[in-house]
Amino acid sequence: MDKRLPGLEEAVSGIKDGATVMIGGFGGSGNPIELIHALIDAGPKDLTVINNNAGNGKIGIAAMIDAGMVKKMICSFPKSSDPRAFTDRYMAGEIELELVPQGTLAERIRAGGTGIPAFYTPASYGTELAEGKPTAEFDGKHYVQERWLKADFALIKAELADHFGNLTYRMAARNFSPLMAAAATTTIVQATKVVEPGGIDPEQVHTPGIFVDHVVEVADPQQEEALIRAGVEYERA
Amino acid sequence: MSELKLSNAQIAWRAAQDIEDGAYVNLGIGFPEMVAQYTVEGRTPVFHTENGLLGFGPAPEPGTEDWDLINAGKKAVTLKPGASFFHHADSFGMVRGGHLDVAILGALQVAQNGDLANWRVGNKGVPAVGGAMDLVHGAKRVAVLTDHVTKKGDPKLVDACTFPLTGVGCVTRVYTSLAVVDIVDGHFVLREKLAGMSMDDLQAVTGAPLHTEGDVADLVVPEL
Amino acid sequence: MSELKLSNAQIAWRAAQDIEDGAYVNLGIGFPEMVAQYTVEGRTPVFHTENGLLGFGPAPEPGTEDWDLINAGKKAVTLKPGASFFHHADSFGMVRGGHLDVAILGALQVAQNGDLANWRVGNKGVPAVGGAMDLVHGAKRVAVLTDHVTKKGDPKLVDACTFPLTGVGCVTRVYTSLAVVDIVDGHFVLREKLAGMSMDDLQAVTGAPLHTEGDVADLVVPEL
Amino acid sequence: MDKRLPGLEEAVSGIKDGATVMIGGFGGSGNPIELIHALIDAGPKDLTVINNNAGNGKIGIAAMIDAGMVKKMICSFPKSSDPRAFTDRYMAGEIELELVPQGTLAERIRAGGTGIPAFYTPASYGTELAEGKPTAEFDGKHYVQERWLKADFALIKAELADHFGNLTYRMAARNFSPLMAAAATTTIVQATKVVEPGGIDPEQVHTPGIFVDHVVEVADPQQEEALIRAGVEYERA
C-alpha cells in the first residue's frame, strides 16, 4: 500500500464539476495553497467549497472564486483582510452562502466523518441562523439539531505524512484538517515531508492513514498569509 | 456427504481471500481473528482494533507481552510500521463513519434480510455486548464467519432471527462451513458451495431459500 | 458628568481584575483581546483561542511571526510553556462543554435577560458569525465589554435586543464605560458605577431598569 | 497554577458516597490501579462506576465491587478472564447494570465532555438495547437517539503529565481516558512521570490541561493484567 502520487495535477484530477470540496485551514494557517492552485489549473466548475473562511486577496480560495469555479461557500466567516473576491460575487448574487457558526461547522464535519447523522448544540438557538431547524429541550435547556456535513473531496495540508497517509500537522495549522480528512470520500494531502511507514511515532499521529487517500510531497509550501502580505496574485497556468 | 464441511481455519482462509491489499479490516474477537493468519501473500491489509489502534501485527513471543499494547479481545499484539493510536471515540468514529472496508464477525444466527444475532442467546447470565452493535454498522462490507448449522444441526442461516438482535439488515456476506452466501435485497444468494454437496442437501440445512444469480462456484480451500 | 467615562483600556483593566489565577479564558477578537494586557500580577490565566490552541502569549516581535501560530483574529501569537494544540472540534468541545472559566466578548446590545446581539447590525453586506454563537454558550462566565451607550448616545444595555441575536440568555456580566452590571434572573443588577455619576444619570442612559442588591461599589480604575 | 497533589489519598478524598466515577482503561490497559485502590481505602459507598468493563480478578474495579462500594456499573462488557466479583453481585441482584454498546459508550462520554446533549447513532437500532429510546430516520436510515454521559469524577492513568495537567498516554492505554477527562467535573490523574510546563511538546499533548484538575505522580504503576496473572488480591489497607 502506497498512497503517494507524483504530482499535484494527478492529485486533483478526480475533482469534477459540481463536487463538494472541503479545504483545510483557518485564515492562512493550514491552507493547502499548492493543492488549491492545482485545482484552479484543472478548472472544475460549480464547486461547493467548505472552509472556515471564504478566501483572502487574489490567491487560494479567493482565486478559485475569481476563476468562477465556486457555486457555493459553506463557512463561518467570509471576511478577511481582503475579502473582495467573495464580497463582489456575493453582492452580485453570483455565489451562494451557507453561514454556519464556527463550532457548529467543526462539529458537523466531525459528525460527517464519524457517522453521526445529527446532534444537538446550544449554538445559534434563538437566532436567525437556527431558523427552520428542529429544536429540542434537554434538562431544561434549548438546543438546535444540526446535521452532519460530508464532502466528495478534502484538500489538506500536513507537515509529515507516511506512505500509508498517517499525518501530523504543524502547530495551529491543524484546525479543521483532521475533521475534514475523515468527512470526505476522497482525501488529498500535500505534506511538507513524506516519510516511510514507521517514520512517525504511532502515539503522535494526528490523522490516521485510514482517512487519507492520496499524498503528494510539497517540500517548501507557501503560506497564504505571507502571500497576501506580498500582494501575490494567482492566475491559471 | 453430510460429514463434509470446512474447518474454522478453512472458513477463515476463504474469508481472507476477499480482503484486498491495503484494506482496513476489523476482525471480531475469537474465531474471526483467525482470518489474519491467512492474509494473501503480497497483500497488506491494515487491522483495526476498537480499543484505539490501527496497524497491529501478530501476538508477541510469550513473555514479551506489553499489556498496554492489546487488541479488543485483550490479547497482546505487536506494532507494524505505520501504526497509529487514537482514543475510543475516534476509533468508533472510524467504524461508524464508514472508513473500514471489512468487518468480520461471528454469528449465532443470520437472517435472509441481513439481521444478525451474535451477542446473547437468551436472558440468563450477565449480558455483555462490547463493540458488536457498533461494528455491524458502517463498514463497507460486514461479513460473518460461522458453521452452517449449530451443534444440534439447526440452521444458523434463518428466515428470521429468534435470538436477540445485534443489528438490523447489516450483514452483506456469510462464510460458512458449507458455502459462501451473500445477502441481496432481503434474500440469501448462494455464491459458492462445496463441490460434493448438492443444492438440495445445502437447502435442507438452510433456514430460508437460497437463491442463485448465474453460476454457483465450487468452494475450494486448501488443507489447513 | 456625562463626559466622564472609562476608556476601552480601563474597561479591559476592570474585566481583568475578575480573572482568577489559573482560569481558562477566551477573549473575543478586537477590544476583548486587550484584557490580556492587564492580567493581574501573580496570576497566570491560560488563554484559549478557537482555532485550536491553549496557552498562547503576546504577539511576537514584528518580522518574527510564524503564520501557523495565530489566534482567532488571525494575528500572530507566541507559545507559553505548557501550551497545547488540538483540532477545531476539540477546541469548540472545550467551549460548549463548559470547560472555559470566562469568555469575554464585545456587544452591540445586551438585554436584561442576558440576550446578546454582537454579530450584525442589519441585513446588508456579507454576514459573518465566526465563533461568537458558540462562545456565548458553555463558559462558566460569559462577560461583555462595551461602551455604555452607542456613539449616537443610545443605550446598549436594553430591555430587549433589536439587532439580530448572537445568543439567548447567555451573558452573565457586563463591563461598560460607566458601570459593572450583572444579569440575574432576567434583570440588570448594578454592582459598580463611576463615583461621579448618580444613579439617576446612569439609569437615564440604560435601556432597562438597573436593580441593586446591597451596596453599589465605586468603579475605580487606574489611569491607563 | 500547579495541579500537583502530594499523594493518592488527597487525590481521591473529595469522592463521596453516591458519586458517579468514570475510570479510564480497557481491560488492563490504562487502568489507574493505584487511584482505584486509594479510593477503596477511602471507602465511599453507592458509587456509579463507568468503565468499559466491570472488573477482573480481585483488584481494581473488581475489588471495589467486592468492597460493596458500587451501586451501579455503566459498561459495554462486564466480562473478563475472572468476572466473579461483578457476576456474583449481579446474579444476586445487588448491583445495577446499564449495558451500553462500546462505541455508543465512547460517544456518549465524548458528548458529555463537549456539550452535546444528544446525538444519533445507528448502533443498537432494532435491538433490545434501544428499547425506550427515541429513534429517527435520516436519509432513509434508522438511528437511535443517545444522551450525553457525564460524571462527578474521572480517574485517569497517564504516561506524562505537566504541572498544568497536560497529558500523554502510553500506546493503547489511551482508549477512553481523553474522553472521560473531559466529561467529569473533577478529573484526577496518576502519571508515571510529572514534568514542568514545557516538558511536553504542545503538538503531542493528548489531553490538554483544561480537562484536568489534579495530578499525582505514581512512578512505577502496576498493570492490571500483570496483577491478574500473578493472582494478586487487594484488600483495604
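When the chains are written out, they are named A, B, C and D in that same order, and each has its own residue count from 1.
Following the convention adopted for this analysis, contacts are C-beta pairs under 8 Å (C-beta built on N, C-alpha and C of every residue); 3 or more make two chains touch, one makes a residue touch a chain.
As the structure is a prediction and not an experimental result, all values here were calculated from the model.
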What's the overlap between the neighbours of chain C and those of chain D? A
In contact with chain B as well as chain C, sorted by label, we have A, D
So, comparing C-alpha centroids, which chain is the farthest one from chain C? B
Chain pair with more C-beta contacts, B-D versus A-B: B-D
Determine the centre-to-centre distance between chain A and chain B, using the mean Cα coordinates as centres, and give it in whole Å. 36
How many angstrom lie between the CA centroids of chain A and chain C, rounded to a whole number? 30
Which positions in chain C touch two or more other chains at once? 53, 85-86, 89, 92, 95-96, 137-138
Chain A touches at least 2 other chains through residues 107, 110, 114-116, 121-122, 169-171, 202-203, 206
Line, ring, star, complete or other: which one describes how these chains touch? other
If I apply the definition of touch given earlier, which pairs of chains qualify? A-B, A-C, A-D, B-D, C-D
Per the touch rule above, chain D residues touching chain A in the complex are 107, 111, 114-122, 136, 138-139, 141, 143, 147, 168-171, 202-204, 206
In the complex with chain A, residue positions of chain B that touch it: 21-22, 24, 44, 46, 48, 53-55, 79-86, 89-90, 92-100, 137-138
Any idea which chain B residues touch chain D in the complex? 49-53, 66-70, 74, 85-89, 91-92, 95-96, 115, 125-135, 137-138, 164-168
In their shared complex, chain C is touched by residues of chain D numbered 1, 110, 112-116, 162-164, 166, 182-183, 196-198, 200, 202-203, 205, 208-211
Given the complex with chain C, which residues does chain A contribute to the contact? 26-30, 52, 76-81, 83, 86-87, 90-91, 97, 99-107, 109-110, 121-129, 142, 169-179, 206, 223-226
